[in-house]
Structures are given as C-alpha cells and as structure tokens.
Amino acid sequence: MTNKPDYFDEMMQAGGAPRAPYADYHDWFTSEEPGRLLEKSAEAEALFRLTGITFNVYGDPGAAERLIPFDLIPRIIGGREWALVAKGIEQRVRALNAFLHDIYHRQEIIKAGRIPARMIAQNAAFLPQMIGMTPPGGIYTHIVGTDLVRTGPDEFFVLEDNARTPSGVSYMLENRETMLHMFPELFSKVKVQSVSQYPRSLRRSLGACAPKACEGRPTLAVLTPGMYNSAYYEHAFLADQMGAELVEGHDLRVVNGRVAMRTTQGYKPIDVLYRRIDDDYLDPLNFNPDSMLGVPGIIDVYRAGGITLANAPGTGIADDKAIYSYMPEIVEFYTGEKAILKNVPTHRCSEPEALKYVLDNLAELVVKEVHGSGGYGMLVGPAASKQELAAFRAKLEANPDNYIAQPTLALSTVPILTDAGLAPRHVDLRPYVLVSPGKIDITPGGLTRVALTEGSLVVNSSQGGGTKDTWVLEE
Amino acid sequence: MRLKIEHQTTYTYDHPVPYGLQQLRLRPKSRDGQEVLSWDIDVRGGTREVTYEDEHANTVDLISFDAGQHEISIICKGEVDVTDRAGVVGRQMGFVPLWLYQRSTPLTAAGPLVRALVAQVKRADTELATLHALSAHILQAVPYSTDQAASDLTVEQALAAGHAVCQDHAHIFVSAARAMGFPARYVSGYLMMDDRVMQDASHAWAEAHVAGLGWVGFDVSNGISPDARYVRVATALDYRGAAPISGLRFGHGHESMNVSLQVQQQ
Amino acid sequence: MLGKTAGGLFWLFRYMERSENTARMIDAGLRISLTRSSAAVSEWTSILNATGLQNVYLQRYDTYTGPQVIDFLLRDETNPGSVRAVVESARNNARLVRTALTREVWEAVNECYMALTAVLANPVSDRDLPRVLQMIRQRSAFVRGALHGTMVRNDMYDFARIGTFFERADNTARILDVKYYILLPSIMHVGTATDNVQWETILRATSSVRAYQTLHDGEVDPKSIAHFLILDRRLPRSLAFCYSKIKDNLAYLETDYGTRHPCHDLADRICKRFSTFDVDMIFEYGLHEYIQDFLTDSAALGQQIETDYRFIE
C-alpha cells in the first residue's frame, strides 16, 4: 500500500471518528448486527427485482435486464455543505439557459470574443433548426443532471452538465423508498430532507412551460423509444408518478396543428412532451429520415408554438465536453459573477499545445470523447495498461478534435458494505435540477454513483458502477 | 415589374395514402425590391396544419394528407412587384450567423471536382467580379441541359455528369463559393422567361455574401444576376432546406407529379 | 387513455387467463392418461387442438406422449403458446402499460413471470408437475386479485376485464368444439364408463367438476353439461356468464365515453344467442355448428373492439 493517494472519505476521519454529517448514522450503524445488514442487502435486491428497476446494456442482448447494484450505506451530505452546492448549481443552470438563448439568437458571447466562433460553427450539437426559436417560457433545459465530484470538505467540481436528457432520477427515488422500507427507524433518528416531491415538482415545472396553444390544464406526456430502451423503466416510472401518458412515436401524429396522441376516444393534443429520445430521432421529416422512433412534423408544430419539448432540441451544444471547458467564462458572462462551482481543468486536444501536453502526460490523465457518454470510449490513464495507452495514443493522434483530457481527480470515497465490513469506494453525485420560468428547483441530494471495484474511478452503471441513497441533512 | 404567378403541383398515387405530411416553402415575402401584393395557397386533398417561419425566415406551411386520398394538389396564386436591383439582396437579416452559410451539406460537399473547378477560376480585383467569373466558369464547364438523370444529384455527381439543370448549377456555385471562403446559399423561386407564359418548372439560383454589398444573387444557368423577372421564395443551405415541397408519406404505391406554372407580366 | 394502452391491458389479461387455462387442460389430460392410458393419445391430440397449437406441435414431433405434450405446452422454446411464452408476453404487455397498472398488479405480474420462468427453466418432473400446475393457476389468481383489490374502476379496468372474459369464453368454446362429439347422444356409449370419464375431462378442463356436481346432484349427462358450460350464468367459465361480463364492461365504456360503437351491437347479438336458445334448440341446431358460429362471431368482436377503441392505427 505504498504511494496510495490520500482520498477524502466522506464518512470517516483519519483516526476513526465519523465526520459530523455521519455522527448519528454512525451511532446507529455500530449498534447494528453486521449479519442483519447483509441480509437487508439481499432483501433490497429482491425488492428492486420485483419492482422491475432493471436496465438493458447496449449491444448485449443476451444480458437483458440487469439490476444496478444498490449499496445500503447512505451517502450523507450536511445541510450547510449542500446549500453551497445548490447555490453553485443554480448559478450554473441559469447561465446554461442564457447561453443557449444567446447561441440560438444574437450570439453576443461570440461577438464579445469570449468563445471562438468555431467552437459553435464546427460543432455537430449546434442545431440550425433552433435558430431564432424561443421555446415556450424561455426555458431550454427543463431538466438538468449536473455531475459533481468531491475532493474535500468544500471542494466540489462539476464534471458534466448533462443538459440533454439526464437519466437516473428514478434510482434516486427508488433508492430512498427502499431505505425507508428497510430502515424506517433510521429516519426518525436522522433528519433527512425529502426527495419524494420530485415527480410533483417535475409535473408543475413542465406544466409551467405550456405552449401558447394550450387551453386549460396542460396535458403532459413522456416520449420513450420503447420498452427495449435501457431507461424504459425510468420513462414508465416518471410518467406514472406524474400522472402523464407514456407514449411512443407511433402513438402520435400531427392533428389540427397540434401533436396529438391516439386515445381510445380519438386524437387528443399534447401540450408538453418530456421526450426521452435524442434530437436526431425526434422527427423523420426534419431530422434523421430513417428514424422510426420520432413523430413526423413535431418540429414544425414546435416552431409554430403548438407544443413544448423538454428539453428543447439543440441543448446538446451546452453540455458538449469542449464547450464545458468554457463554462467559467460562460457563467461569468451571463451572471456577472464568478462561478461558485469549479470546473475540472480541461485540455482541448483540438489545440496543438494542449494535444502535446496530453500526449506527454497520457498516463496521468483522463481522456474523454467530446460527444461521448456513459463512460464509453474514455481512457483512465493511471489505470490503463501500456497497450491501452499506446492504442489510445494512436486514436488521439488520428483525431485530436474528438477528445478532451482532464487530470485525474482524487475523488472522495464513501464506504460500501462488503462481507468483510465497510470498505471505501469512489463516488460521484448527480443532483437533479428542474427549471421553469422564474424558478430553479433542485432536489436535495440526487443520485450517488459508486465504483464498486476497489480503487476504480469509473462509476457508470454500464461499467459496473452501483448506486447509493443520498441524504442531505436538514440544517 | 408586376408578375402574376399561378403554380399548381399535383401528386397522384396508385394506392390511397393512409397518412402523409408535406412541408411547403411556397410563400414569397415582401422585402426590399420585392413586394408581394397578394398570395394564396389552396390545398386540395390535404389540410393545412401549421404555418411558421423556419430558421432562414422562410414561411413554411405544413400540410397533412386527408386520409385515403389518391391525389393532392397545391395551388399558389398571386401577384408580386419586383424591382431590378442587379441581384443585390442586401445585408444579412435575422439570427442566422454568416458562418452557417459556410457549412457544407451532403448535396453541396466539395470533392475533387469542385476543388479542381475552383482552382481554374480567375481571381478578379473585386470579390463581386470573382464571383461573376465563377458563375460564368460553371456554366462553361457544365452547360445547361434539361436532360438530367436524377433530381437529387450531389455537386460531384452533377460535375461528373458534365451538364446540369438550374438546381445543380446553384449547388455547384454554392459549394465552390464556400470553398473560396464566401458564405453562400441556395435560392428557390420563380423566373418569368420572356418567350413564354407556361414555364417548365420553378427556378433555382444562388446567393453569395460579399463584404460591403451583402447578399448578391447569381443565376448560373442564365449567366446573369437576378433582375425584375425573378421572385425570391425560399433560401437555405441547399435544395433540401429550400425545396418548394418536401414530404413524407406512409403506405406503399407509386407517386407521380404534375406541375403547371404560369408566370406573366401584368 | 392511449389506444395502445387499452390494447395492452386487453392482451395482458388475455395472456394471464390463457396461462391458467393451459394449466387446467394439462391437468385434465394428465388425469385421463393416468386413469385410461388407451385414451391418452386422442386426449392429448384434442388438448393440442383446443389450444390451437397442434400445427406447431406437429412441426416438431410425430408422436403424442404425455411428457412430450406437457413439456411442449409448458416450456418448449419453439412454442409461442407455451405457458412460459404466454407469461412472458403478459409481462411484456404489463411493461408496455406500466403506467396504467397499480404497483400491486405490476408486481403480481412480474412475480408471476419471475417465479414461472424459474420453475420452467428445466423440464418439470412428474413428481413436480401437480405443484407447478397449481402454481401457474395461483399466480394468475394473484394477478386477478391485485386487479380486483387495487385498480380504479374506470376504462382501464373495463379493458382488463374484457380481455379476461374474452379469453375465458374462447377457451371454454374451444374445449367444447374439440369435444362436442362425446356430448352427442349415441346409443353405443350411453351409460358406459367411457362417457363418464370423457365428460369429466371437459368439466375438469374448465375447473367446474365440483360446481357441476353441487348444482346437479352428481347426475352426469351430456345435455346438462352442455347447458352448464354454455348457458348457466352461475358458472364463471360458461359462455353466457363471460359474455354477460363482456357486455357489461362494454356498456361501462359506452357510458363513460358517451359513444356507442359497432362492437356494442355485435356483443349484444352474441348475448342474445344465449337467451334465445335453450339447450334442446342447441342440440337441434347442431352443437358443433352452434359453437362454430360462436367462435366466428367472437373473433369478429375481438377485431371490432380493436378498431373501435384504436388499439392500433
């Protein structure tokens, strides 16, 4: 165990005492039979299977329907710690929406020289069809999942802004339900801020962005690619919890100038569509003509003010990893304030000097595809073999524009429960943010993803990560 | 010049169409040098769903097929006053950044043939003169001919074919101008040919953005810049974005199209 | 409510009902092959006929043996109508209409799927068979129970019920259709043991042995069996009972939506058949013909419901 970097553990201090937010939980934990907790762990898994919280792994049809492992040691964040994070997220999300409006209108930030025009001009995530279009309520990113990592008591970094269609919120909700079900007594001991209001807030927040064509109470629907999609459970869950219909492209068509769903009593217009399919597949008439998932003409109706799409098409330009590196400038430009949350220093490999630095220091860096997600196509330098490094070097040299690189951060750890007792594992955090006119609503906590393999920094569920319930204590 | 336009497009199907949509970019706008006095679109066999402005400020009508139709007709009628401005359209309006007009599209992506053509164009003293030289050079390299194999050729395919219709000419100009560093765009519209009332089809030409002047039109096929006989209807990066009618339909069966177009001076 | 959702509910409950009906038929076949091995082949043939799966079976096998037919009906991967496949289809439909189900109904379906997938992963031994058949029926009953106990009585419930009774009536009619000949009056068989066993199969396949005995003082005769399964509204698997429920549920939809559709007229017409014919008239008309007419009308009703409530475009 030489040369092991010192990680910040969120539960235990050096010397064996718990950190303040964990004090009450630690009391409870030490009084528990370890055997009972392991039994509870198995019980939780059975519960998740019964509920059907499963996901499909892309490109692996044989392994349909896997469970994301759940660890029952909660991740606990103090009320004051959280307040700072929430303030930082709110500032950032405000800036993102201002940025999106600007990019699809006057592009002042480019004119002011804060972002080079080519960052937008050469970016496939810029959607020309959105030029000059202001979405109903002026909101572009109705739902944001900001990925955060922590390196110290007050050191939070934003890893990604996930402004397209962030997933995972159903796990946040089901993890809490499971904990409440298994350890009801714990919640009378420790005062935890509630998350269960999320579906109601989502409904209210989306409803507040109804288009001008809406008459009366807005009709909401969730658009899913279908039951074979990896996140289908979540789509059904959110529709169910919001009391909205869960629709697929073939349930919808343009009728009387609106996008309408086929009901048992004929076509009924939809006001707000929470769509969980990518821009490109949204409309075969306007985008990818081969898409079988979308609704022909939905973009025409959208531009004509007949429907609200959440999130708006074209928001990908704001969570692109190359644009990410400009977020401190973006926050400052639109809010007039310094960014509260830090950005991870990012090397844009499209720039020759940065590329040279990255190639020279590959073994210390994390390299990611600009448009990648889900932990695919990325290199974690310190964990890579010589062959992997060489192979990635070749990819980088062949197409440097496609990559950014970041230093490996000393991600904080939270213990998980193993047969041998508690063992620290690296975690990240994805809080969920709802944006509506005049209101930014951040659910206290979010989804904590945990790398279950000792020493691993990759928390993605598709790569063997698990989840934890996340507690934000009342102040 | 006051032009009276009557433009009818009819699609006929051998099987009834259960469902279909068409986007129409068929509404000319009043602007400097062009005043639309009246304009109506009548759709038979279909229903107008929405009308809106797209990112290029083209007015788009989305129409749906009435269920089970064998035929759908789109009839445009109107009068437009046009002033000859020697092809000068003027400065860029709206929110589209000029760099967008330098993006290539699948139809206009420059390949070896476009690059070879660009290399042959003589650079003149002014940008405007260079663009006129480009236009003349294209017409010489690929003369106008209505005998074209397909309607959706890429610029490289059209150059390889050795001859072109107005759509191909406009695409080649747009592609070459972009390769030379100019923002450029495709224009669809109407042209009154002096020698006839019944026109064969609607027309297409190109515009390039010239410092100081703004957008300037070039009709490669006719070797001139648009004058008072040209009515501008829609613009975009290429034909696909500015097509008078583009659509999607369910069901199988064969489609045939019939166009009748009259443009005459009042 | 989406048309697709209505269709999904209809099929979810058809499949749940089908899984237990198949279990019942296996039970009946098993019983007769144990008591009268000479009748086994014809018994398994008619069971495969009644499930509509005989052609699929013959693509795979040339002979009819109990274990082979049972394995085919329970878990054969080439059989889209096996209990295992039907339960999977039920669960897929439940996933499709997840938002229309209560958590209890969904969990009952999911648990049914998980439990049956586990027990049907390997061939079921003779010893385990009764337990497995009982489990299939019980799992289906749990789903029905969750539906009764937790679902709001609205259009969703109506479509679920229509699916249940549609499948059940279809099942009873098919059993009668493949067995009608043993109910026909024949001098040869009157009073022999053959008939008693055969008749009992019919009752066993519809889970109505006890009910019949209670209501008929143990007297077994073909006419009263036919009457019982077709016209007796006290029996929850009789055609008349199922159709009165289908008619009721369609009527709720008519009231709820304020629209009468062609399917309502069609259902009324089928119901009328049960009130205007008594069992003597049925035998006079021809039991076989009567059942055939019913099956034709019921297939038409299924299609009409699908069209009227826009299950598909």
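For this structure, a couple of remarks:
Going in written order, the chains are labelled A, B and C, and every chain counts its residues from 1.
Keep in mind that, in the parts below, a residue touches a chain if its C-beta (ideal position, glycine included) is under 8 Å from a C-beta of that chain, and two chains touch if they have at least 3 such contacts.
For clarity, every value in this text was computed on a predicted model and none was experimentally measured.
Each step here moves to a touching chain, and the least such steps from subunit B to subunit C number 2.
At the far end from subunit A, in terms of centres built from Cα atoms, lies C.
No other pair of chains has as many C-beta pairs in contact as A-B. Once the centre of each chain is set as its mean CA position, subunit B and subunit C turn out to be 63 Å apart. Look at where the CA atoms of subunit A average out and do the same for subunit B: the two points lie 43 Å apart. Annotation: 47 Å between the Cα-based centres of subunit A and subunit C. For subunit C, residues touching at least two other chains: there are none. By the touch rule above, subunit B contacts subunit A in their complex via residues 19, 21, 23, 49-55, 57, 60, 62, 64, 94-97, 99-100, 102-103, 237, 247-248. Touching subunit C in their complex are the following residues of subunit A: 49-52, 227, 232, 236-237, 239-240, 244-248, 250-251, 261-266.
Across the complex, subunit C meets subunit A through its residues 1-6, 92, 95-96, 98-99, 103, 106-107, 110-111, 114, 155, 253, 257, 259, 309-310, 313. The residues of subunit A lying in touch with subunit B in their complex are 104-107, 110, 117, 120-121, 128-133, 253-257, 284-285, 289, 296-297, 300-301, 303-306.
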